[in-house]
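Look at the two complexes coming up: chain A is in both, with chain B in one and chain C in the other.
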Partner chain A sequence: MEKTMKLTLKVWRQEPGQNGKFQTYEAPGISEDMSFLEMLDVVNERLIEEGTPPIVFESDCREGICGTCNLMIDGQAHGPEKATATCQLHMRKYNDGDHITIEPWRAASFPIIRDLAVDRSALDAIQEAGGYITAPTGSASDANLTPVPKEAADSAMDAAACIGCGACVAACPNSAAQLFTSAKVMHMNLLPQGQAERWKRTENMVETMEEYFGSCTNHGECHEACPKEISLDFIALMNKDYVKSKIKNRKLSGQN
Partner chain B sequence: MAQALSKPGGTKRPAPLRKPVKALPFPLSLGQTAIGKKWLMALTGLGLIGFVVAHMVGNLHVYEGPAVLAEYAETLRTLGAGLFPRGAILWVMRLGLIAMFGIHIWAAVTLNAMNVKASPTSYAGGRDYIAASFASRTMRWTGPIILLYVLFHLADLTWGWWLGDKFVHGDPYHNLDASMSRIPVLIIYIVANVALAIHIFHGAWSMFQSLGINNPKYNMARRGLAAGLAGLILVGNLSFPILSAAGLTDEDNRKCDPYAENVLECLEEQLVEEH
Partner chain C sequence: MSGYSDVLDSKVPEGPIAEKWTNHKFNMKLVNPANKRKFEVIVVGTGLAGASAAATMGELGYKVKAFTFHDSPRRAHSIAAQGGINGAKNYQNDGDSVHRLFYDTVKGGDYRSREANVHRLAEVSVDIIDQAAAQGVPFAREYGGLLANRSFGGAQVSRTFYARGQTGQQLLLGAYSALMRQVNEGGVELYNRQEMLELVTKDGEACGIVCRDVITGEISSHTAHAVVLATGGYGNVYYLSTNAMMCNVTAAWRAHRKGAMFANPCYTQIHPTCIPSSDPFQSKLTLMSESLRNDGRIWVPDKFDEARSASDIPEAERDYYLERKYPAFGNLVPRDVASRNAKTVVDAGKGVGPLKNGVYLDFAEAIARDGEDTVRAKYGNLFDMYERITGENPYKQPMRIYPATHYTMGGLWVDYHLMTTVPGCYAIGEANFSDHGANRLGASALMQGLADGYFVLPYTIGDQLAGKLGSDPVPADDPVFKEAIADVNDRTNKWLAVKGTKSVDHYHRELGKLVWDYIGMERNKNGLEKAISEITSLEEEFEKNVRVLGSADTLNQSLEKVGRVSDFFGLAKLKARDALVREESAGGHFREEHQTEEGEAQRDDENFKHVTAWDWNGEGEAQTEHREELVFNEVPLTQRSYK
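Coming up: the complex of A and B.
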């Protein structure tokens, strides 16, 4: 027989332009095979039947790759399971009778839209400031035309795993977006294809980041919260590239 | 990444917390950005750690007795004696220290203001810390404790404000003994040096990150290096007040009366005898 459980949820409810507060909801009949978001879907169905506005939260792919879901669950971004987005957190992590507190992510540049949904478009501003390379379009070039050392390809891929969910900002006591920005800067800076814009990219993306977010104090909370386990090493590498970008004679940046 | 909410012409982006500023020429431009300030903080922190270590190593002369310690103090004042006036090099080093302190504190205060502005709301339901250590979360408290302690330490053993008649200029061995025989002062020294070690434990590791000193070949050693450095400084610096209060520096160990007119000459004679 399928095991079901009864949970008590403390959920942040907030209307646009008003102050929010926690509301408590009972969630009976929750299967341990449900994901956290499916559990919220079940709660919402009952709220709709009762005529109460459903809890607003964000989700899209529900397979941990789009970076849309974003919940602060019991004081941890994306909940208690390491290297897992909220959508991949399953109710088997919980026991019958558990109390769960669900809050939106908090940062000055993540204003709350409604309930648990926050506006993360400040991250887009960082990306737009330099998260691109210049590549010829038209007919596809030959594969492996540009040699890339295996180690460099691997570490660029580790940085490129960032799904831009903003958990790093949510988990940071300073609301710094260092981990996100360093992943977006370094996955290009580490590859030969990213070298042409390297210094301009680092400078522009870092300075845009600093317009919206706090500064890094090296707590390491972002890495623990990250569903893709982006390494703090990228922050160090970005710091190095940023200071270099201030000194670099860019007339020589065509040289190796 | 958050595509659904930022369609062109869709929801308006939140306003930036800071406006971009006109960039100053190179070294000054570092002071305009958070990463640049962290870089300055790391470099000045490194310099200050260098001072703390040198200060501790120099103070180890206390274990060689009053005459050697007085000679060490005199050596500091006469550094570069053949070329520069007495005390000149010492003052250059002091001014460098003051500048490093100033930059370090200025960066900390301005970065803290930036962080407070960026995170105005705390989690109403509380939050869990997983990676952040006690040291990293208390930097903003251990820092001011160290600043107040440095001022206290200068007033106590450099200017001799509270020792009054007991303060003998040029006889640090006696001054240490006189100062540590007061229990509240002893407690201040112990608390402040624990705070210093905690500050350095996070600061030394943080420095590698801020400067971008990162290589898989030695990354695993960085935490250990910070812990070892903090431990070394803790043990060395705590040994002075504790052993002094325990009687190591009491007056039995000295031949010269600290309150006599000729104490400095007497210490010099003792030094010659010991050699």
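Coming up: the complex of A and C.
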């Protein structure tokens, strides 16, 4: 017979334009096979039946890849399981009688919309600043004309695995977005296709990041919270490229 | 009803199949570069099809407005595709060609797709790979630096390109990056968190859309010369599916209600390799990539109600039923065949797992042959995901899998230009019906979404727009927009006023059960008739008793869902009718009354070699059936055999 649990949830509730507060809810009859978000679905269904507006939280794919889900669970971004997005966290990690505190991402650059939903459009602004390789449709040569050493392809893939959830920012005491930005920058900087725009990309994306987010002081909390375990090495590589970009970009624009 | 409709003109060009697209590109009208900026195009949805179309049309100079209800275009459900994308590159020198990919796709679709569209898809497949590589999509590579390939179900060549188990995410990030470059350059204006709730038409032509801002509840009108729907499939009509929670049919259904015919809604792909459901509160099912069937062997115990664990069952007492029944393709038979066979063995009482609702997918032999490290390098993230969900380690014990709804081959009817029956309204990607017939082969969804978005629509849309040179879009204060806004507000007020007792999810779940039981992997006349009456009565109850709390002028997830579920009710009824009139079995549509002696799908080419497209007749009226005849000049019609 499967194990069921009774849990007590402390959930952040906040209406738009008002101050928020914690609200406590009982969650009985929770199966260990449920995902964390299914547990919240069950709580919400009961709230609706009682006439209480359900808890607003965001999720979509529930496969850990779209990066929509974003809960701070007992003070940890995406909760206690390593390398796991909230939607992939399962209740077998919990025990009967547990108290769980659920908050939205905590960062000034991610303003709260309602309850547990936040606005992460600052991440798109970084991408827009240079997170692309200019290759208009139709302009590409045969893909095998540009061999990519397997190591470079693998390393670029390690960076490209970032799902853009923002856990790195939420976990950082400075609300810095270095891990996200470095993943986006280095995915392209590591590939031969990304070389032409390498220095412009780095300078533009890093400086856009600085407009929105805090500064990195190498705590490494971002990596600990990252559901895709993006390596801190990418931050070092990005910093190196950023320093170089300050010289390279002057040369490229004919100022040297 | 019999005979073919003269309403449906597929506009397939004349000439030999291999030259149709090339010649047609020359014959279509062009919009000169300086004039492109005079045309406004709305693209709804930013998945692979929508993002690639918006970016490409922005690059060409059109004024593009891209809409997504997500917070960022990158979250569209294309992101979750795992396995790969087909491209007829023949890099492996194993005999692949455009013609072979075309042939495999028509055959795999059980001869219910349009040959000319499929050939074009196969032709541009090679350009997609080049395009994606140029954008920095980190495809898997060999040590020499060249692209790696793997094979996929329904094919005997290796033509699938992949990026670990995240091919969809990487291709979407490529299209998204191209889109964001256009946003930065001003070619595309991006509207996040906007849900399209009406297609607006004037004198029968599409002229814009009405959206709801999901954060503020504000309703707004957007005008354009053309509207492109890239809004995905309707798999969530089953409630449980591998689709994301928010995937829905609303945009397509709203277009249907404005005159866009809906084609082949009975065709749904039930994917063979998903994690079986584990409890009644399950909110979605998780796919395990089909690529696993390259190395995993599928089996069930010989004995009924087997109580031993997998490792205690000796080889001699296992039934590797796919290898036994289909020696040529073995575990790599197409998805519909693999799914139905899994259902057969589980229904017979040989299911495995605590709820006896799965079959084994076993990697023991691959691990013994290639080593655990090699298997980990290929499938590591999939194995990890499986372990997180089930608490079982697939390196040590076989995975348990069972079919789940995954993809919908039906969708809005489109002609060769990808235009719906509403002039000026286009449908691309999974939202249209055109390329996969009755069954989609693996690694072909990503291919089709990107083919439509990068290489087909940006050409074909010019043909229609060229004729509109000098005309402004219908203004947003035109009565047609005011009416559309009033319709949206009426619906919203109606839902908020019901004040019933049960949640939207409750009704969605109940609807899903009916659709799965009666319009799932196997269908029959009685069941389908029952489905129509039971869905109708459930819908009546839903409209009287659903409870949507809160207000319309703020983020209200129940309100978003209630409109989507309401549209699913309409679609579910049409799906049942479509399945009822298709008195044959083809691909993902299996009618129990129509099977061969060996239990395989029995097509009826004489009477059903056509597309069924349904025309809206107004609320409360039954849709009218139209038929487009399918012509097979290149691929001879045969009973599909994978033995």
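To be clear about the criterion, the second predicted complex is superposed on the first by the 243 of 256 C-alpha atoms of A that agree within 3 Å, B and C clash if a C-alpha of one lies under 4 Å from a C-alpha of the other, contacts with A are read in each partner's own complex, and residues count from 1 in each chain.
The rule is short, and it goes like this: contacts are C-beta pairs under 8 Å (C-beta built on N, C-alpha and C of every residue); 3 or more make two chains touch, one makes a residue touch a chain.
Please read all numbers here as calculations on a predicted model, not as lab measurements.
Of the two partner chains, chain C is the only one that A:Ser141 touches; chain B does not reach it. Once the two complexes are overlaid on the shared chain, A:Val56 sits against chain C while remaining clear of chain B. Looking at the shared chain after the overlay, A:Ala108 reaches chain B, while chain C stays out of its contact range.
In the superposition on chain A, A:His219 contacts chain B only, with no contact to chain C. Of the two partner chains placed by the overlay, chain B and chain C both lie in contact with A:Ile163. When both complexes are overlaid on chain A, the residue A:Glu38 reaches chain C alone and has no touch with chain B.
Once the two complexes are laid over each other on the shared chain, residue contacts for A:Asp96 go to neither chain B nor chain C. Contact with chain B, but none with chain C, is seen for A:Trp12 once the two complexes are overlaid on the shared chain. Once both structures are placed on chain A, chain A residues 58, 60, 66-68, 113, 117, 119-121, 123-124, 127, 163-164 are touched by chain B and, in the other complex, by chain C.
Of all residues in chain A, those touching chain C in their complex are 2, 15-16, 31, 33-35, 37-38, 41-42, 44-45, 48-49, 51-54, 56, 58-68, 81, 83-84, 88, 90, 92, 113-114, 117, 119-121, 123-124, 127-129, 131-144, 146-150, 153-154, 156-157, 160-161, 163-164, 187-188, 191, 193-194.
Against chain B, the residues of chain A that register as touching in their complex are 10, 12, 22, 58, 60, 66-68, 72, 74-76, 101, 103, 106-111, 113, 117, 119-125, 127, 163-166, 172-176, 206-207, 210-221, 223-225, 232-233, 235-243, 246-247.
On the chain B side of its complex with chain A, the touching residues are 1-6, 11, 13-14, 16-20, 26, 29-30, 33-39, 111, 114-115, 117-133, 136-137, 139, 202, 205-206, 208-214, 219. Within the complex formed with chain A, the chain C residues making contact are 52, 55-56, 59, 70-77, 79-80, 89, 91, 127, 129-136, 138-147, 163-164, 166, 168-170, 173, 176-178, 180-181, 183-184, 192, 215, 244-246, 278-279, 281-284, 286-287, 384-385, 388-389, 391, 454-455, 458, 501-503, 505-506, 547, 549-550, 554-555, 557-558.
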